[in-house]
Amino acid sequence: SLNNKRKTTQLKEMINSPKLEFIMEAHSGLSARIVEESGFKGIWGSGLAISAMMGVRDSNEASWTQITDVLDFMADATSVPILLDADTGFGNFNNARRLVSKLEQIGVAGCCMEDKLFPKTNSLLDGRKQDLANIEEFALKIKACKDRQKDPDFIVVARVEALIAGWGMDEALRRAEAYRNAGADAILMHSKKSDPSDIEGFMKVWKNQGPVVVVPTKYYKTPAKDLADMGVSMVIFANHNMRTCITAMQKTTARIFKDKSLVGVESEVASVKEVFRLQRDDELIDAESKYLPVK
Amino acid sequence: SLNNKRKTTQLKEMINSPKLEFIMEAHSGLSARIVEESGFKGIWGSGLAISAMMGVRDSNEASWTQITDVLDFMADATSVPILLDADTGFGNFNNARRLVSKLEQIGVAGCCMEDKLFPKTNSLLDGRKQDLANIEEFALKIKACKDRQKDPDFIVVARVEALIAGWGMDEALRRAEAYRNAGADAILMHSKKSDPSDIEGFMKVWKNQGPVVVVPTKYYKTPAKDLADMGVSMVIFANHNMRTCITAMQKTTARIFKDKSLVGVESEVASVKEVFRLQRDDELIDAESKYLPVK
Amino acid sequence: SLNNKRKTTQLKEMINSPKLEFIMEAHSGLSARIVEESGFKGIWGSGLAISAMMGVRDSNEASWTQITDVLDFMADATSVPILLDADTGFGNFNNARRLVSKLEQIGVAGCCMEDKLFPKTNSLLDGRKQDLANIEEFALKIKACKDRQKDPDFIVVARVEALIAGWGMDEALRRAEAYRNAGADAILMHSKKSDPSDIEGFMKVWKNQGPVVVVPTKYYKTPAKDLADMGVSMVIFANHNMRTCITAMQKTTARIFKDKSLVGVESEVASVKEVFRLQRDDELIDAESKYLPVK
Amino acid sequence: SLNNKRKTTQLKEMINSPKLEFIMEAHSGLSARIVEESGFKGIWGSGLAISAMMGVRDSNEASWTQITDVLDFMADATSVPILLDADTGFGNFNNARRLVSKLEQIGVAGCCMEDKLFPKTNSLLDGRKQDLANIEEFALKIKACKDRQKDPDFIVVARVEALIAGWGMDEALRRAEAYRNAGADAILMHSKKSDPSDIEGFMKVWKNQGPVVVVPTKYYKTPAKDLADMGVSMVIFANHNMRTCITAMQKTTARIFKDKSLVGVESEVASVKEVFRLQRDDELIDAESKYLPVK
């Protein structure tokens, strides 16, 4: 089955498959396991979600090793591949390739690097300057990462922020081509329009030069079929587990605070038994009977 | 106002106040901020919730510094006090007092230590042995922690597991008294009965020798007023933010997986703007205008 | 050559080779690199040295992930295998097997676990109680580690503390046999006598049931040839890089403090150029010319 | 005595004192303790030494939290103040001020930030480009740090790299003045000339506008008295503990490798007893008698 393949190979095959594939955001070991149990064949390690969960901003306030520490738990908790939102690679080519080595070590299947400057700013923040990296320098950063990886199937996705930054389609195409030529396994073309016109426009000029990944956070109404028809390879549902947690916690906490009681929420939340199941407590019970002496 | 006081002082006053107080579980910077925004005056740093979030078991699979790394984000994100579920203190008295120093450093207001052996087992797991610590050794561990703290208002709660382990009320009382005499600021009397008879029985024999904290995860139907009438000082709502996240993520992820679309969940989850608000992005916008040169 | 083999395979071959092999202590990426450059075919990741370097005690004051963080740098810096002094495995069988997984992940070739209780006490400390683990429980801990490892050549050494703790040769033999039967790749028989009589006595009764590792910190005058003649497989020079650093730093710092000048030490210490060489700065220079655009 | 003062106050007083003060490099808890025991009143947390010890390059290969983890051990191990070599602050003003908060938390008394770009390059590396930060942006970074600190005595030193980068004395002066006006507690004027002419030239044009710190790694022959006469406030002996460790470890390891014996080095290295003394094992012995039950 698929899961006998290396995680990197699984992700590579998804990106290169002729059909549209989907991966879903996680930000912790727990959320990653839920994504896998739900049937998704891959996980998006979202920078926004991980930083939000920590209570810090999506502006590289957490160090890159604080991020990889979270990813380590996520990779341990799952058997499907994780694609990490690696921001800019946390510095120059040398920081980026060092990250690649650590990601391979902890079992992350690929990373996506965006052509901005460190420290980054979240792409969806209104009215914030979105400085772009020098195109040649970023292409060489991608190349440095590809040269560094030990597993030939490890994935490096190059994320183009030209449309986010308002630089236009020509620049977006020029960058996508440069990054693809530098070795990127796929291009993530980002857009914050509420319709898919940016993506549609890009797909036309791109002419199938390689796999394209998209993040329809803003153009969420666009049916998957439309994206498939445009030739998109993979869709990232980028931050909705973190966002549903916010809503759920706000509601649950408000209710408990008001009631000073758990009665109103008990049937609404997962049981303690379900928590233990998600923690794989059964395996530990078995192991204890095997590895602890009978007293 | 209350918040001009040190976090330790806030927690100490809550524990010693004549009225019943409530604290709510959090397991990340984000959840801690939501607990504070909801009105709770204190936060429970739950070992079960933090381990579950990581995707590991509540059996000290995460190292103690992996726990304090999470607590550091939680304390940074909030201005109300955090009481950490410190399990057994992660070893003997020397490990426990070292933990106290690190908790003071990161701004955690207190910790609760339970009289089990390292590595611990979650108290609610059915049919699992729950070895108790030697009573004298555990009392001295509490004393070592109290002797170590620099801030006189730092709180050490001693959690008695005698009823969980089936050792009976006499043993529970004997332990509570020993730990109180060793310097514990409060006793957490734990019970996994579905009614409050354990707590009621204990409160009668305890005769108000000091503050008592309870965790009504199993006897959740008991009204707060009843606990107040028994003389309980503080109630911990121990794991419901983590449990509501599980339910919310399972539903949201399942729906997105089925639909291959975000349309069905968009209105159900917090907006991206709300995420930015919770991350305090406004402060960074102000700071950028202050600390970045105009180009 | 040897170095084309996996690090685990290298270490396994050393332990099983008919000739006496030697490994040398390191406690940081830098010291590990120096050990490799000196010609040693393996490295001892000493718990005493690592804790001393951190300024804490060899009593599990550092968390197990603080130890693996150091080991990660050590493994990155070297191509010869590292055998980690893993103390008791940092808890019970479940903590120990989790450690094995993390060691495999970061490229450590093996670990040595000692049959004491967590938190441990350094074996060479005079007049300190040295509680031993239950023999059956420790044997099952070894088995849990061997069952967990993914790489068949990962090494688990069982360290017998019976002679340290004064329990006598019969107990030492009984334990060594139990651990070997449970799957230990080698037995480390520890002694703090200033002569090798403990080791000699053990080797006679052991009768070649498997590889034996020794640590002649106290019986340092015994020639290697004598140990080889007894049938010992591997000698660990356990803490001398850390100890030479102490002497060197005390001398150098005292001299600079007295002189308020660097003149007296400049020729005595490694040049800045040598520091850069040890940091492999040449590789970064090459990479910069390859991966940074020409301006 | 001095040590009843906060570490920040100790450092502030040293920097503002009329006499020339000296601080000495450390890179670990152990080396920091040795520096304090030797009589130095302050410690330099050297970026070069810490990265070298880790086996990585002085190019921000280690994350900023990996650095603060080392500093945490250093601060715990000592009662004299530590001034951290904070490179560029590990990013922009926001990263730099976040670092300041974390340094205050772990008890580091001050930090020195240099006006380069992240990731930095070591200043003493020949023929490597040394890009300088925009002067206004760097001044605002200093201001952001000063605005962030909670302890009014926390020290921020601004390090001017203009002479290292070959930009001349006018630029050096212009930068020093801008950073001082932005709130820097002192200016570190760096030079890699083998004579003190750079420093002498700067001190003349600087005209005592505030404290000046220097690092005579290359002009080590210049007597302290000459630097005092120029008006320098503090001298940093920047990397000699790390360099003496390299020499000592290379010699000791080579000797043991050649001899396959410890006999030749035993009398040359610190005793195991001295290691235990440096680890403050006596305090633990006392504590065990106090906090462990008599069996």
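In this document, chain identifiers A, B, C and D correspond to the written order of the chains, with residue numbering beginning at 1 in each.
Heads up, the rule we're going with is that a contact is a pair of C-beta atoms (placed from the backbone, for glycine too) under 8 Å apart; a residue touches a chain by one contact, two chains touch by 3 or more.
These numbers come from a predicted model, not from an experiment.
Undergrad: Out of curiosity, which chains are bumping into both chain B and chain C?
TA: Expected: A, D.
Undergrad: With touch defined as above, tell me whether chain B and chain D contact each other through largely the same residue numbers, more than half shared, or through different ones.
TA: Same; most numbers are used by both chain B and chain D.
Undergrad: Take the average of all CA coordinates in chain A, do the same for chain D, and state the distance between these two points in whole angstrom.
TA: So the centre of chain A lies 38 Å away from the centre of chain D.
Undergrad: Chain A to chain C: how many Å between their CA centres?
TA: Inter-chain centre distance comes to 38 Å.
Undergrad: When the centre of a chain is set as the mean of its C-alpha atoms, what distance in Å lies between chain A and chain B?
TA: 30
Undergrad: Which parts of chain A, given as residue numbers and ranges, touch two or more other chains?
TA: 59, 66, 76, 92, 94, 284, 288
Undergrad: What topology does the chain contact graph adopt: line, ring, star, complete, or other?
TA: complete
Undergrad: Which of the residues in chain D come into contact with chain C in the complex?
TA: Contact set of chain D toward chain C: 22, 24, 28-35, 37-40, 48, 51-59, 66, 69, 73-74, 76-77, 122, 124-125, 128, 216-217, 220-221, 223-224, 235, 237, 239-254, 256-257, 260-263, 265-266, 268-272, 274-276, 278-281, 284-285, 288.
Undergrad: Write out the stretch or stretches of chain D touching chain B in their complex.
TA: It is residues 76, 92-94, 101, 105-107, 134, 136-137, 140-141, 143-144, 284, 287-288, 290-293 of chain D that touch chain B.
Undergrad: Note which residues of chain B are touching chain C in the complex, please.
TA: 59-61, 63-66, 90-92, 94-95, 98, 118-119
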